[in-house]
Every structure is written in C-alpha cells, then in structure tokens.
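Chain IDs A, B and C follow the sequence of writing; residue 1 opens each chain.
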Amino acid sequence: MKKTTAAALALTLGSGGAIADAGSQRGPLSESDMQAVSPALERYADNRLVSKLWKGTDLSPRDRSLITVAAVIARNQTILLPEQFELALDNGVTPAELSETITHLAFYAGWGNAVAATAVAKEVFAARGVRADQLPGAKEPLLPLDEKAEAARAARVDKSIGTAAPGLVRDTTDVLFRDLWLRPGLTPRDRSLITVSALIANGQDQQIPPHLNRAMDNGLTQEQASGALSHLAYYAGWPNAFSAAPVFKKVFEQRETK
Amino acid sequence: MKKTTAAALALTLGSGGAIADAGSQRGPLSESDMQAVSPALERYADNRLVSKLWKGTDLSPRDRSLITVAAVIARNQTILLPEQFELALDNGVTPAELSETITHLAFYAGWGNAVAATAVAKEVFAARGVRADQLPGAKEPLLPLDEKAEAARAARVDKSIGTAAPGLVRDTTDVLFRDLWLRPGLTPRDRSLITVSALIANGQDQQIPPHLNRAMDNGLTQEQASGALSHLAYYAGWPNAFSAAPVFKKVFEQRETK
Amino acid sequence: MKKTTAAALALTLGSGGAIADAGSQRGPLSESDMQAVSPALERYADNRLVSKLWKGTDLSPRDRSLITVAAVIARNQTILLPEQFELALDNGVTPAELSETITHLAFYAGWGNAVAATAVAKEVFAARGVRADQLPGAKEPLLPLDEKAEAARAARVDKSIGTAAPGLVRDTTDVLFRDLWLRPGLTPRDRSLITVSALIANGQDQQIPPHLNRAMDNGLTQEQASGALSHLAYYAGWPNAFSAAPVFKKVFEQRETK
C-alpha cells in the first residue's frame, strides 16, 4: 500500500529526507466522502496539503508531524487525531515521543485535551502492537537542571504574579520546570517546539516569546520556527498564524541584535 | 410538517422576508431532554432564540444562518452542526454556498474544523439528495482580481511579517487571495461575512479590522454587521461579542470620518 | 465503594471539610488505558491531581468542582463532562446548581457548549434519579435588583459600545442582567465564580476585571480567587492561567488601594 511504501522510503532516507508520508489529510473521510460535500476541499487536501505543504523542505517530515500533532491535540480536534498519530509514527516520531507529547500537552493545552488524545492513542498503539517497555516510565531519571537559569525564571515569575497566585507559581516550579520539562522522553528542543505549536494553535500569543526563545536556545533554527508557523496556518487557521507572526518577528529581531 | 411549511413560506416571501425557519435551537435534543436538565434553558431556546433572535429584522434569515453556521464550524460545535446545516438550507443558503462556506473556513478556522463539518454535511446532503452537479467544482473560473488592491495588500503583509514567515506570506497570496477568495461559490460579501463571524467566534479580535472593512466594502451594511455581532453573542458567548464590540465601533467610526 | 465512602465523609464534615472526593481525573479511561499510552500521565493524575490539587485547602471541594465544571463546559471538553458532573454532585453541588451552571454558561461560553453539557447531564441526572422538582423552574421569582448599580453598568456599556451594537447592549440588559443574573438557582458569588472560571478557561482576559470585581464584591475572597486561578491551570492549560494572572494581580491591587 501507499503508506507502507512511503514508510519504507522514509526508513531508507532517514528522517531528514524530503520524502514524507503525508497521509490523506482527510482524517477518517474518504476521497468520495469529501467530494460529496466539497470537491474543492478534496483538491486542497491533495494539491496543497499532501503534495506541497508536507513536502516543504524547511522542516523535516518528523518536525511537521510533531507540530501538527501538537496543534491537533491543543485544539481538541479529535476527528484528525487518529490519522495524525499514524502519520507521526510513520514520519519517525517514536511511540515514546508521542506518549511524552501527550503528557506535556496535558499541562500546556489542558488536562482534558490529553485525556481525549490518550483515548485515541490507546487504539493506535494497540493496533501497532506498541509495548509497555517502549513507553517512557512514570518516573524517569531527569535531565540535568540549569539551576541558575531556573532560579532566574522562578524569581521573574514570582515577582510578576507571585502575590496574585502563589499556588500557580509553586506548581509552575515543582510540576513543570523541575519535573515535566526535565523528563528525557523528548529533547528540550522538541518539547519547546510542541509548546510553541500549542500556543499558536490556541492563539495564546502573549506566552510565545519566552517559549520561542527557549526553543531557539535549545536548537530550533529560525528557518524551522518560521516553517512551523507557516505550516500551522493550515491546522490552526490563518488568523492564529497571522496573530503569531508579528510576535515571531519581534523575537527574531531581538535575538539578532543581542 | 412545520419545517416544510416554513421553507415554503420562505420561498414565497424570498430570502428578504422576515418569516424565518428558526429551528428548535436544541440541536439533537428534544424539549423533554432539555427540560430534564434545565427548564430554563428550554425557555431561553424557545422565548429568546427561536421567537426573538431569529425573527430580528436587522438581518435576513439567510444571513443569520450563514453567520451561525460559520460560528458553529469555527468553534467545532459538532452537536449543533446538523440542525444548523438543515436550518441554513431551509433559510435559503444553497448547498453550493454551504459547501463553499466549509471550504473557506478550512483556512480561516483550521483544517480539522472543515473536516468535522464535512463529515456532518455529507449526511445532511445525502438525506436531501443533493447531487454532485449542485456543488461548486474543485476548480472554477475565478472572479476578476483587483490587481492593484491585491498588490497593496500583499506588500503590506510582506512588510509587516515577510522576514519572519515568508512561507506564510507566499501561501496567503497563492492559496487565499489569488485562489480561495476568488472562487465564485460565495459572493465576496458573504465570504467576508463568514470570515468576520469566524473571527468573532474564536475571539480573534486583532484580525477583525481588515476583514470587517473588506466586508463593508463588499456591501455589508453597518446595521447588518452590528446585527451579526449581536446574534453571535448567543453562539460564541457574550465575552467574545464584548471583546469584538469596541473593534467594530472603531472600524465604524473610521469609515465615517473618511 | 470508594466514591460512596468519600461522599459519606463529605456529608459528615460538611462542604467546608478538606476531605473531598477527587474522582480519578481520568474521565472515562481506566488506569490501564492511561498507562497503555502514558504511565507518566497516570502518575500525574494520581499524584498531582487526585492527591494534591483536589486536597488543597484554599478552596472547598465544592468550589473546586464548580470551577472545574465551568472550565470543562466552557472548553467543550466532552470527554471530561461525565466524571466532573458526578464529582460535582458528590462534592455538594446540588442538581439545581449544576442545572443553573449549564444555563448560565449558555450565555458566557456559547449556546452549543450548554447543549453539549445538557446532553451529558441528562444521563447523569437520570442515573441518579434526579426529579423535575429538584431543578430550578423555567421562570423563578428573581433576586432583588440593585437598580442604581445596574443603571450605572448599563450606561457604561451603552457609552462604550452602544452605537456599534445596540442589539447586544439591549440583550445584555434584558437577558443577562435583568433576568439570568437574578435567577435564584445560584448565589451571586457562585454565579460570578463560574463566569470568571469560564473566562480564564477560554483566555478571555479582557473581560475578567469587571467579573472578578463583581465576584469579590459578592463574597469571593482573594485567597479563593487565587486558588481558582491555580486550579484552573490544570484544566485550562498553563498558558491561559499565566495570561490571566497579571489581570488578577491588577484587580487585587486596585481593590487594596481603594
């Protein structure tokens, strides 16, 4: 089948290769389902998403899958979840990384989004025979913490909102930055990439700068960040991409003049 | 049946007539389903939505359906989709226009929203016997383009975000303004109306001014724009309407002093 | 069963007691469902949400349920609705209050959110044998209105957006402040608490100040408001809580200097 061939090619070429499995981008619908409502939508799926967007060279197919999965979870787009999970696994996102992505987004997109994603991933993992030993453990040895940078972050947050929400400040330190962010199941760069993607997907522009800076500090290039933003226009809608774009621009400019 | 009678009356009166089919506004629930949880919600459905909101004379029933459908798709409110699609068809939105609305919102609300809407519209179209030749084609002869205005728009966007997101700028031109927006399946005025409705529905106030101006340039009156905003308070929630209102006010004032 | 014991304890201790039923926080998933995708998510559900968050003493279990239900309805997180409705009833939210919460959020989160919540609550109420006479009536004798304060509110809104959206201004007075807000099924303090929770859940920061002030005027303490914000980080996602926090801080500071 087409999918298997593409997956095989991807294996041959490695995840940096331009040959990506692009899925059908129709979720659970067939070509004729879509044409029964909108032949134009079917054309866009095929001509734009499958044939162009997913073949773009500014992002690896794996990155494209990571950010799409993040957007779809963050927006609770359950109809797209099964295909995008399959596609992510075909494009080189490991089950462990997909698991960790869902866990991470429980905190960045909301608990219910992660529960809904888990219900779908369970079926996808079962169908592929993913075993327990392929998943990140409940507790893992954590990545080393940059104590100085973390202390500075915590102080900054405490100063700005500590009196208003001490519980939030405390949990941000204990649950997020001294636990979740240090879990080894995703590289810091990938963790930042899905965080920024979720922020764009939900129009949370105000929170983008620190996370985009962190992503770039952790190795995301400007070309990749820009490619992610352009990709997400399709899944988060143009208005969310257009609101995020000036924020990206400002971050890029500030990093250049540093 | 009630629905058929209302549809017949609408045909007699034309889409400008005040007699609208207003549906039940309960989605798939029955009167007694709703009363088993909230007799008050049932009262509001009947007394406020069906008997007043949908009978308001500031908007035609067709406009009211177009903006409700846009809001419900934009918010991925799948439980309301079937009734609102039926109602739209009863109120004079053609299957072709509904098809094109879904296609348009793939780009303005996100791909997954359009896929979810397509899955529902497929059933509604099948039950009504909508045929392929009633739908807009995958590719249609495009409306004439105002090259000068489009060049100005493209230059403005390129200047503001071109360095940060060249791919986004390119696709905005190629996919949206030189393709989607020129498709003849919706009048420019209707296309703008559903775009503005989707922006209100998702709280994307920042993006409203250019689209509201475009809508009014294309024939949407201030009374209709204002009526759409008031109508959408019910479907997008009061907070989204209240955040959009000052933006509308500013656009109205700027147009008056021009 | 665990649930019954917890409910019995809660009855013994009163709703102010620290012993709360905290549910499983897995929605419809089982422990092993969750572990098949993410053992870490299961650990967070158990160690963080069930064992810590829901046992926090800054909010009563009943308040915690009210705000969680509000957030889950406002975000249309249907997968969490059944468990959170059950939990709310176990934690001392009466069926009448849950009914009224859904009705209220029809206007603050959007009509479709309330319809989706009604479809789920219907099943929960039926399973518990909730009778019609336990629900608030379609029309109830309204709470007394502070005519002077309401006239001031109406004048303020009319001045700021009246020319742009007269229909919205009219319905805000007639449907919301002279009807919905005066229904006796929820105390004004609880009504404000769920409103603020819905605003945080959907990132509608701009609308928070008047509603947070109203909540505190109606008896919500700063500690409770702050506790609600911290709690909601888990259900609305950290970015929404972080965007709301500076708004909360400013409101708290302005009230202190008055």
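The rule we apply is simple: a contact is a pair of C-beta atoms (placed from the backbone, for glycine too) under 8 Å apart; a residue touches a chain by one contact, two chains touch by 3 or more.
All figures in this text were calculated on a predicted structure; none of them were measured in a lab.
Asks: With a Cα-based fit, what is the angle in degrees between subunit A and its identical partner subunit C, given to the nearest 5?
Replies: 120
Asks: At the interface of subunit A with subunit B, does the proportion of residue numbers present on both copies reach over half, so same, or stay under half, so different?
Replies: Counting which numbers both chains contribute, under half are shared, so the two copies meet through different residues.
Asks: Please work out the Cα centroid separation of subunit A and subunit B, and write it as a whole number of Å.
Replies: Here subunit A and subunit B have centroids separated by 29 Å.
Asks: If a residue has to touch 2 or more other chains to count, which residues of subunit C qualify?
Replies: Each of 76, 203 in subunit C touches at least two other chains.
Asks: Please give the residue numbers of subunit A that touch subunit C in the complex, ascending.
Replies: On the subunit A side, the touching residues are 74, 76, 99-100, 102-103, 106-116, 118-119, 121-122, 125-126, 132, 135-140, 160-161, 163-168, 171-172, 175-176, 183, 185, 198-199, 202-204, 206-207.
Asks: Note which residues of subunit B are touching subunit C in the complex, please.
Replies: Its residues touching subunit C are 25-29, 33-44, 48-49, 56, 58, 72, 75-77, 79-80, 203, 226-227, 229-231, 233-243, 245-246, 248-249, 252.
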